[in-house]
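Just so it is clear, A, B and C label the chains in written order, and each chain counts residues from 1 on its own.
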Amino acid sequence: MKPMFGVVVQPGTTRDQKKTGWRIYRPRFKQKDCIGCLDCLRSCPDGAVYQIDKKKFDSDMDACKGCGVCADLCPVDDIDMELEEQQ
Amino acid sequence: MEAAGPDVIIANATGCLEVFTTRFPRSSWQVPWIHSLFENPASVASGIEVALKALGREDEAKVIAQAGDGGTADIGMGAFSGMLERGHNILYVCYDNEAYSNTGFQRSGLTPKDALTTTSPAGPTSWGNLTRKKDLPAIVAAHGAAYIATSSVGYPVDITRKVKKALTFTGPKYLQIHCPCVPGWGIESAISVRMARYAINSGLYPIFEMEYGKITKVRKIKKEDLVGVEEYLKPQKRFAHLYKYPGGEEHIKAIQAAADANIEKYGLLAE
Amino acid sequence: MRRILEGSQAVAESVAMCRPKVVCAYPITPQTHIVEGLARLVAEGRLDAQYVLVEAEFSAASVVLGASATGARAYTATSSQGLLLMTEVIFNIAGMRLPVVMTVANRAVSAPINIWNDQQDSMSLRDCGWIQMYAEDIQEACDMHIQAFTIAEELNIPVMVCMDGYILTHAMEPVEVPEQEHVDAYLPPFKPKFYLTPKDPITLGSMAGPDAYMEIRLLLHQSMQRASFTIREEANRFEEAFGRSYGDLLGSYRAEDAELLLVSMGSLLGTMKDAVDELRDGGHPVGIVKVRTVRPFPRTQLHDALADARIVGVIEKDISLGLEGILCSEIRSAFCGAARTPNISSFVVGLGGRDVTVDNIKDIALGLLSDDTCRVEVAGIDHEVLWSAHSEEE
């Protein structure tokens, strides 16, 4: 269905908005001691964390808001939060 | 959402979820989604459900209503009760962050006792919220709902499982999900999920399932995960006054006693 | 087929012929007989619809909102306090462009609590974005509902059909009940322009910030202005199909060459017509302009209909407290900047079910003919009651 009367809005159109500007810190996945517990992936509020390999994860910087939940939960301290580089 | 699949229609209440995801002309929702007002998602969902029936489209989609704790337990309580009583085939999800967070963290009926909110501030003459948290699952159970569950963002897999399970029941279903509000609770965003887990693992927020009025399953706290309530209270600014004013320790004791009572009542401790 | 029916029953049968798929209402006097009638029609299997029993008017309006958004033709009915309780949803239904049809059995608003007729309830909601139409008699109320669904669905604007409580809802009159096949031919099944379905997901009810809110409201305002054409077209199409006409946005009665034109809406017009007949018999040049549609407001048409009169008296059953009759203010606006303006006076009558007689109307008319000074009057006051109700000296 097309946009109509200003009340019908197209689905899934927020994707093209990047959240990069929200971050103060960004997660760095060290990909060293990971045990593949999936906690970071499942608990990311923005669904930004993605799996590369069984014990290798990273975060999509277009979606990540830098909240730090993944780093806080990581049981083996394999995620660091680093200050976002000033643009 | 992932658990419910694409064949759903969602009726949403006013709140952060709606404000953040649907700012015109964009929308985050890839499923059919409607927001009407703060207090009526239960009634709007009822209308959707009967319309699907009337049009012979009931197999087309499952109907889900979503609201916050204030929209559910307070202002939308009448509409919610009506939906339950009429027996609509709807899954109602309440995101419980224990206050009116979208408007700046004011007290709701699901704010726990002694929590500070902007309308229940703490001071030398007040311990914050003076009343205990409304037992909403029990109220829903009294309506004879088919399936009732509590869950938490602390354990997303648990949410997914319960949404899937809820949708196998016909009739009204209720899922109450405990969600920390970072600014409202006064915590760092990084520890929000950990706080949600402490709420469960201290016994303060029992996680259970009820089918047709009977508790069928509880989330057991593993011995190594068990924490005292202070682990949960201390990092949160909304409880900071309990550590500031004399007599606070009595309140902390009472909160611990409430947690212990939950552990006893629901049998939360793993053997 | 001509049958003697109570107004509410006649309306219930007319609504049923429009084949709504979802009917949802909460009972309130004097709307009850309409929704009871519909409940019976569903129970008897004569209307194939979901009839939803809700816990309040707020939910009744919310249920029809959800049903309409899902693509079902949806109907509700209310009155007075019930309408006011619905208010938030009423605005929402219009803002979301959902073609719901609602009957308002007009009744006074509390306090003091009063279950009798006036038009304060719906007139207080004239800015909510619904088309508002007022029926003069039971036959018009029935026919107006059939037109209301076509207008609403054509424009995606909800329509409120207002009929005077008791005077129309509870009166027995001979009513021409149309054949179902004729209604089906006039009003085809609802084909929603948009609706909620996983097959083509859309987002409804999104937030619009300062950057877009005004534009979306403007779209509704423009559609509402265009509604005048649709209402006129439907009035014509209805006349062709059923042979009955009540005017389009306006109607008139013995208005030609009238020096004094009385304006009103709803069932009061019947009494006024009798008064005008007697006045004309006595040689007084008095006529009537009937307002059928309050929103969209027929400003230009009203100007043209009234411009040649020397005096205009707007007689209505509502009041904007601290100002005057609501319709009168709006009629004044039709003459803003006009070359010639009749002397326009406001008469508030019949609040809370106070009887309005032919003599009351004649008194107003003769008074205006002898003194055309613009004025605001609350007419038909019992001064003894007034004094006893307020005896203390200030």
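By definition in this document, a contact is a pair of C-beta atoms (placed from the backbone, for glycine too) under 8 Å apart; a residue touches a chain by one contact, two chains touch by 3 or more.
As the structure is a computational prediction, the values presented were derived from the model and not from experiment.
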Chain whose mean Cα position lies farthest from chain A: C
Highest-count interface - the chain pair sharing the most C-beta contacts: B-C
Mean-CA-position distance for chain C and chain B (Å): 43
Intercentroid distance (Cα basis), chain B paired with chain A, Å: 24
Between chain C and chain A, distance of the C-alpha-averaged centres to the nearest whole Å: 54
Junction residues of chain C - those touching two or more other chains: 96, 201-206, 208, 212, 216
Sites on chain A at which at least two other chains make contact: 6, 9-11
Where chain B touches two or more other chains, by residue: 22, 24-25, 27, 29-33
Chain A partner contacts - residues on chain B that touch it in the complex: 21-22, 24-33, 153, 156-157, 182, 188-194
Complex contact set, residues of chain C against chain A: 95-97, 156, 193-195, 200-206, 208, 212, 215-216, 219-220, 223
Complex interface listing, chain B residues touching chain C: 6-9, 11-12, 18-19, 22-25, 27, 29-37, 39-40, 42-55, 57, 60-61, 78-79, 81-82, 85-86
Touch list for chain A against partner chain C, complex: 1, 4-11
Chain B partner contacts - residues on chain C that touch it in the complex: 21-22, 24, 49-50, 52-56, 58-59, 62-72, 74, 88-89, 92, 96, 196-199, 201-209, 212, 216
